[in-house]
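Structure record follows, encoded as structure tokens.
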Amino acid sequence: MRWLTAVLLIPLAALLIYVSGDLPDRGDPDAPANLHISPELVALTERDIKIPNLVSAVLADVRGYDTLGETLVIFTAGLAVLLVLMRGPRRADGTRPSANTRSGPSARSRDR
Amino acid sequence: MDVHASAVPAYALAIPVAVALAVAVSGRWPRLRDLWPVAGAAVLLVTVFSMLGRVTEGEVPTATLIEVSLGTSIVLSADAAGMIFALLASMLWLVSSVYSIGYLRALGEASQTRFHTAFSLSIAATIGVALAGNLLTFVLFYELLTLVTYPLVAHRETEEARRAGRKYLAYTLSAGIVLIGGAVWVQALGIDATFTAGGFLGGADLGNATRWGLFALLALGVSVKAAVMPLHSWLPSAMVAPTPVSALLHAVAVVKAGVFGMVRVVAFVFGPALLADMGAWIVLAVASGTTMIVASVLALRHDNLKRRLAYSTIGHLSYIVLGAAVLGPIALTGALLHIVGHGLTKITLFFCAGAIHARTHKENVSEMDGIGWQMPLTMGAFAIASLSMAGIPPFVIFVSKSYLAWGAADAGLGVFMVIYLASGVLSAAYLLPVVLRAFRPARVRPRYGEADLRMVVPLMLTAAGALAWGIEPDLLFGFRELAENVAHAVFPAAGPLVENETAEQVHALERLVAGGIGILTAAGIGAWLLHDRLGGDAVPALGRRAAAPARLLVQAPLEAVFTTAQRATDAVAGRVMALVSRPPEAWGGVAGRPPLGVALAAVLLTFGVVLVIAAVR
Amino acid sequence: MDMGYLAILIPLPLLAMALAVPVVARVRSGAAFPLSLAASVASTAASVLALAAVLEGGPLSYALGGWAPPVGIEYVVDHVAAFVAVVVTSVSTLVIIGTRRWAIREVGDRLGPFYGLVLLLLAGLSGMVVTGDLFNLFVFLEISSLAAYALVFMGGRAGMVAGFRYLMLGTIGGALYLLGVGYLYFATGTLNMADVARILEADSSGRAVAAGAVLIFTGLGIKMALVPLHLWLPDAYTYAPSSVNTLIAPVMTKVGAYAMLRMFLSVFPDGYLRDAVPVADALLVLGLAGIVLGSVAAMVQTDIRRMLAYSSVANLAMIAVGLGIGTPLALVAALLHIMNHAVMKAALFSSAASVRLATGFSAVGDVAGLGRRMPLTMAAFTLGAVSMIGIPPTAGFFSKWYMAQAGVAEGQWLVVVVVLGSSLMTAVYMFRVLERAYLHPQAPVVAGVAGAAPDAPGVPGAAESPADVVWPMMVLAAATVVLGVANVVIVTHVLEPGV
Amino acid sequence: MIDEIAARFPYWATAVLIVIGLYGMIAKRSLVKKLIGMNILQSAIILFFVAGSLREGASVPILFEGAPGARAEDFVNPLPHVLMLTAIVVGVAITGVALAFLVRLREEFGTLDEESLLEQVRR
Amino acid sequence: MTEQHDSIILNFVVRVLLVPFIFVFGLYVLVHGEASPGGGFQAGAIVAAGLVLARLTAGAEHGESRLSTGVLVWLASAGITIYLVTGIVPMLMGASYLDYGVLPLEWFNAVAGHERTNRAMGIFIVEAGIFMGVFSVLVIMYDHLTQRLSDD
Amino acid sequence: MVWEIELALFGLLVLSAVVALSLRDLIAAVAALSVYSFMAAALLAMMGAVDVALTEAALGAGITVVLFIGAISVMHRRSVD
């Protein structure tokens, strides 16, 4: 398994490094990403939003919908944890009715 | 042709569907349930009949149901060829629905509701095939027919029945897919696939590979249901079905859909001119010609009556294929008439076999000695049908066969005329002995007892039909007129068929053929009777000895070839379908769970490969 | 009037209700289902209205936050997006109704989080469908994936392992997609799909764009279970709770496929994915391989759900083939198949769930004789199966028909052979079930056989499932026929203008 | 040569980190290690984005109080930062869920070794 | 991890000095998110870390009693609902979803006494919502991860 | 900003990643992950992404590690790799 992984990964690293040759240089002021949208973001922050932190302005306003999605991701994770780990109320005999709990006697005894 | 918008073809399709629904709903009340198919069949017959007048005058009532695919619609159009098939189907549905009630009740078959529902749906699909106005519609109903007849084939739910069902599916579904492939191709070429007398591909400018490719796909697609050897093997297997189903499969719906499809492919898709140009007809002619002989010879060897009839069907279907393949107007007329003639005759034979089975539980010819004295009406009908199968006047197959034989000769293919005649003799040879055995003087005369009236009346009706339409082919439904209209439309240059000289020649030939066959048959009967008188084994032995060279020369090599071919196709289909029958437990854990690493490695592999290609470019 | 707001109204009810349901359900757990259903219905209504608006007045665009694209995030509802949104929301609404009993049985003590996650899953999917922004797509992709991981994880011991594996692979998929977006962003400077397309139209040379394309397609390939990236799917679909696999099997991977289609249609310039980067060829080859492998694997399965899962692999591969051919007709076929497969798979998984509800079993061998005992369930299964095989006039036939036609038109004969041949293979595995259901005597029910849910009753004489399980299933089954017959309407009015 | 390194090394380093992360996810048998690999992968992508947003001579993306007329060239491109904030949160969410899965798996199977898990499920 | 720690010094240092400081720091990060690095996510994470710290020292049961899962779910939902509603209100006023520019928040400037744009106010509101959501979810996660195996 | 320092930090980052993956003791591995995250945060801050750095420090290095430890503390500490 490991040799296969290595065989696949080393060329992959080489390829990623190779294709990065076409990316803009580190810190290049004329990179497309620095020329196209970002000046407008600075301008509109100053013009419309008027808060100093550009990142906050973009995060919560210009791309606020992404951020809403992001909080929903966190909320999803919370629900997922609840769904997976939540326990129902105890029954009278002390056991818990849970569809997902099917642990046999071996569940905790067999360790590795 | 004169296309007229009309809803009647759509009604014709809707009636059996409605019957199927009514049957399914009223499954709890058997009497009511069994009433629906009979009533529906009557209504259907009237409906189809109501179009007849217009169709004989050259109009084509056409119902465009709905556009279901870009550039093509579901179109039902009752042209003359379709009318022949539709009339036959609706007529025979009426009798067979009565018959199947009697049969199923007599044998106490299970799941009668399912049976009647599927039966009605089969008729609906058949009507759809008959009235299909273009290739897509044809394919659609052709596939549906496969689907709805499958529960009928496997009706008995025994292992044998299920195996037959699987085999049936393997053959017919594959054929359907091949046919779809052809239809897709036509559609992709941008050709309007409306069935046109003389062929809609005729005008298109196609490369040789395209023409042959299309021909291979379309002809192969319909050949399976038409049971052209070596693609026939599903048909004898399907004999495990209840007899009304066999009658339906072999006389009305499935196989006739196949040969009708062949007529469509030859005359309405490619057209005689194109096929003659390609030379593709030779393939069909040779295949069907050999099938006729081989199947008849094989039929001789089967003791099981239904199996013998199955091989007889295979042979007679090839009459029609050959009739279409020789590309002549007279032969085409004969082919269309043979759809009717064979339908009437073969359904009678199956009805008789079913009646015998229902009454006596006998299935083998060798057990049927003297049964004619017990069931005189049934065996009388059987005798009539046997004579018809042999092509003896004045029964219906005589008419179609004289057209076929003369058509072959007219097209300059005398060899096929000989084959037709030889096959007629063989038909006599495998069917008449059944009659003779049945009426063999028995020492103890068995008790008289016919089957249920609901079985006897239909079979007598169809036998009477075989006689009536033999005397007057145009009776009531104008079958001959319709067939000649089709031939005339497909071969516009051929001139009128039934006039003057040609008609004279046809009738002269009829007499000739009739005389020849009559003499041969009479000789055969005489010999048999003589042999019977003499007791002992003289004649069969003599026959065997006489037939030995023929068997050596024709039957053995042909059988060897075809058995091999059939085994091959069976092996392919059977392998695939064996998966179905294999107990699933045997396959447990084939596709296990690879470790996550393997999954991820697969990701990287894909990703890396594409990335490498991308980077290299 | 500008109808753009309909775009945001598609995911919004789902999102809002996803927030409310877990809270409400802590007080009244019975309220979770009706609230979820209401949200789903509202979302369906919004997408139907959006479709109507698109048909009326052309594609809708909606600038979120009032920031005009490409600076802000844009929602774009064109014909294709509206179509897929309608399919996803309506199918899932029906499935939510049909799986209520399963949800109560399987996660009855935690309905709040369960329905919250179901809604978030759907919200994520519908958000992916309507978005016009590459990064926004990633966010919603992660919402739906995260919800799906947790839902799959609820399926007992095997489901847990399947869920974890799904999480790992899905995360890799998401990461690769994000990396690809990064490459595209640094090459073009923008995240708006239309803007990216505009810039790439002018200049799409460079390895960075190519790498971005490949990474994006690999990432989405995992999400849509393209062979050989499908390895998470069979386990996930088999062992997920019935209330979950019935929902995710029809819609989840379909949206991944749709996202790929979106890349073809509105991100990369015409022909770029064919000429500059061999993505289309790769999709074609992998798709063909997937059809064959998926069908063969489905033929040898013992569990119906697993069989259907492999069938999904094959069908998704067919969508990939459509993308790979790439002509308008092929794209139409792919889109039509997205819809058809969603409907068919929903019908099939619903009836498998219904069988399991009534009998406790899901092995192929255990359906023997069910044709009589559960006629409606098996009728739905039969219709779905017939459509899956591709027998006219069911829906499944027509996507294959168009696909084969596109193959012929492009001279891709292998496509034609494989697509048509897959019908036969589908027939083999579907008739294995149908034959047993209708033509075998009823098998003696033995309690404790593998595949039985331990808490399922396994009633030997079980009859048809309750009405609320049956009718959504029947609607889906009937839809396979209706959609088949009506496919030209859909194709000419919705799909052709879209591609 | 040095120029090339100076211009490219963040991309190279992130590529190496991505590969290390993938290696952890693929080759490690322990599910915890797989998760650690996943975290490395996610961080690497974050670094990749931020590295791409660099601008020579620009400052952190915070406008100076009372300095109107700020020029866009003075600030680092804020958009990738925003995206990566989102990506970090997504990463934490996935990690949290995965850890919840691990706890349940451990409870159910008594092990977090992949082979042993698969073996138990296959049975 | 979950047994009661009896060290008084640790308890004092953590619960009286450290945790309140962390809370205050978190709130600072939240409130000043618009002017300096920080915002809802960071603040939420910091405050959650503080609460986790408190629970570590006080024992899970103790912490649970004051901020139960039910409350936390409610808080999380409420926080994100704030965000969602902040988006919907502009929609009802005829603008785009999440278009803070039209929010009716002018009165707040009068109360607060200094001038801010509507958008900045909107940002603050949603950051507060994010804070609530992130903080509660992170605590839910921690609680369940640690309590699952400790109480049976 | 001096790129050599960044380069060195990247080197350390790779090193800590390798360490995190190779340590058998899971708690130690998580600690190494924490180091990795902090180093990443430092790097992010150097590259001008102060917000991201703060978030990475709080969420990536802080909460993630707390969650890891919380989960691992109830599990076995040793891994089989």
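The chains carry the letters A, B, C, D, E and F, assigned in the order they are written, with residues numbered from 1 in each.
Keep this in mind: a residue touches a chain if its C-beta (ideal position, glycine included) is under 8 Å from a C-beta of that chain, and two chains touch if they have at least 3 such contacts.
None of the values given here were measured: they were computed from a predicted structure.
Enquirer: Taking contact as defined at the start, I'd like the list of chains shared as neighbours by chain A and chain E.
Expert: Chains that touch both chain A and chain E, as defined above, are C, D, F.
Enquirer: According to the touch definition, list the chains common to the neighbour sets of chain E and chain F.
Expert: Where chain E and chain F share a partner, that partner set is A, D.
Enquirer: Enter the minimum step count from chain A to chain F; a value of 1 means the two chains touch.
Expert: So the least number of steps between the two chains is 1.
Enquirer: Which chain pair shares more contacting C-beta pairs: A-C, or B-C?
Expert: B-C
Enquirer: Taking each chain's centre as the average of its Cα atoms, which is closest to the average over all protein Cα atoms shown?
Expert: Chain closest to the assembly's C-alpha mean: C.
Enquirer: Quick one: chain C and chain E, Cα centre-to-centre, how many Å?
Expert: Taking the average C-alpha coordinate of chain C and of chain E, the gap between them is 36 Å.
Enquirer: Taking each chain's centre as the mean position of its Cα atoms, how many Å separate chain B from chain E?
Expert: Those two chain centres are 79 Å apart.
Enquirer: Rounded to the nearest whole Å, what is the centre-to-centre distance of chain A and chain D, using the mean of the C-alpha atoms as each centre?
Expert: Using C-alpha averages as centres, the distance is 8 Å.
Enquirer: Return the distance between the CA-based centres of chain D and chain F, expressed in whole Å.
Expert: The mean C-alpha positions of chain D and chain F differ by 10 Å.
Enquirer: In chain E, what residues contact two or more other chains?
Expert: Within chain E, the residues that touch at least two other chains are 35-39, 41, 73, 77, 80, 84, 97-98, 100-101, 134, 138, 141, 144-145, 148-149.
Enquirer: Provide the list of chain A residues touching at least two other chains, using ranges where the numbers run on.
Expert: Residues 1, 5, 9, 12, 15-16, 18-21, 23-24, 26, 31, 33-34, 37-38, 40-41, 51-53, 55-57, 59, 61, 63-77, 80-82, 84-86, 100, 102, 111-112.
Enquirer: Hey, what residues on chain F touch two or more of the other chains?
Expert: 3, 50-52, 55, 59, 63, 67, 70-71, 74, 76, 80
Enquirer: Show me the residue ranges of chain D that touch chain F in the complex, using the header's touch definition.
Expert: Going through chain D, the ones touching chain F are 5-6, 9-10, 13, 16-17, 20-21, 23-24, 28-30, 32-33, 35-37, 39-40, 43, 46-47, 50-51, 53-54, 58-62, 76, 80-81, 84-85, 88-89, 91-92, 95-96, 99-100, 102-103, 106, 112-113.
Enquirer: Enumerate the contact residues on chain C facing chain A in the complex.
Expert: My answer: residues 15, 18-19, 22, 64-65, 67, 70-73, 105-110, 112-114, 116-117, 120, 123, 127, 133, 135-136, 139-140, 142-143, 146-147, 149-151, 153-154, 156-157, 183, 185-191, 199, 206-211, 241, 454-455.
Enquirer: Over in the complex, which chain F residues touch chain E? Could you list them?
Expert: Against chain E, chain F makes touches at 50-51, 53-55, 58-59, 62-63, 66-67, 70-71, 73-74.
Enquirer: Okay, in this complex, where on chain A does chain C touch?
Expert: Interface residues on the chain A side: 15-16, 18-24, 31-38, 40-41, 44, 61-66, 68-70, 72-73, 75-77, 79-80, 82-84, 86, 88-89, 97-100, 102.
Enquirer: Across the complex, what residues on chain F touch chain D?
Expert: Per the stated touch rule, the residues are 3, 6-7, 10-11, 13-14, 17-18, 20-21, 26, 29-30, 33, 36-37, 40, 43-44, 47-52, 55-56, 59-60, 63-64, 67-68, 70-72, 74-76, 79-81.
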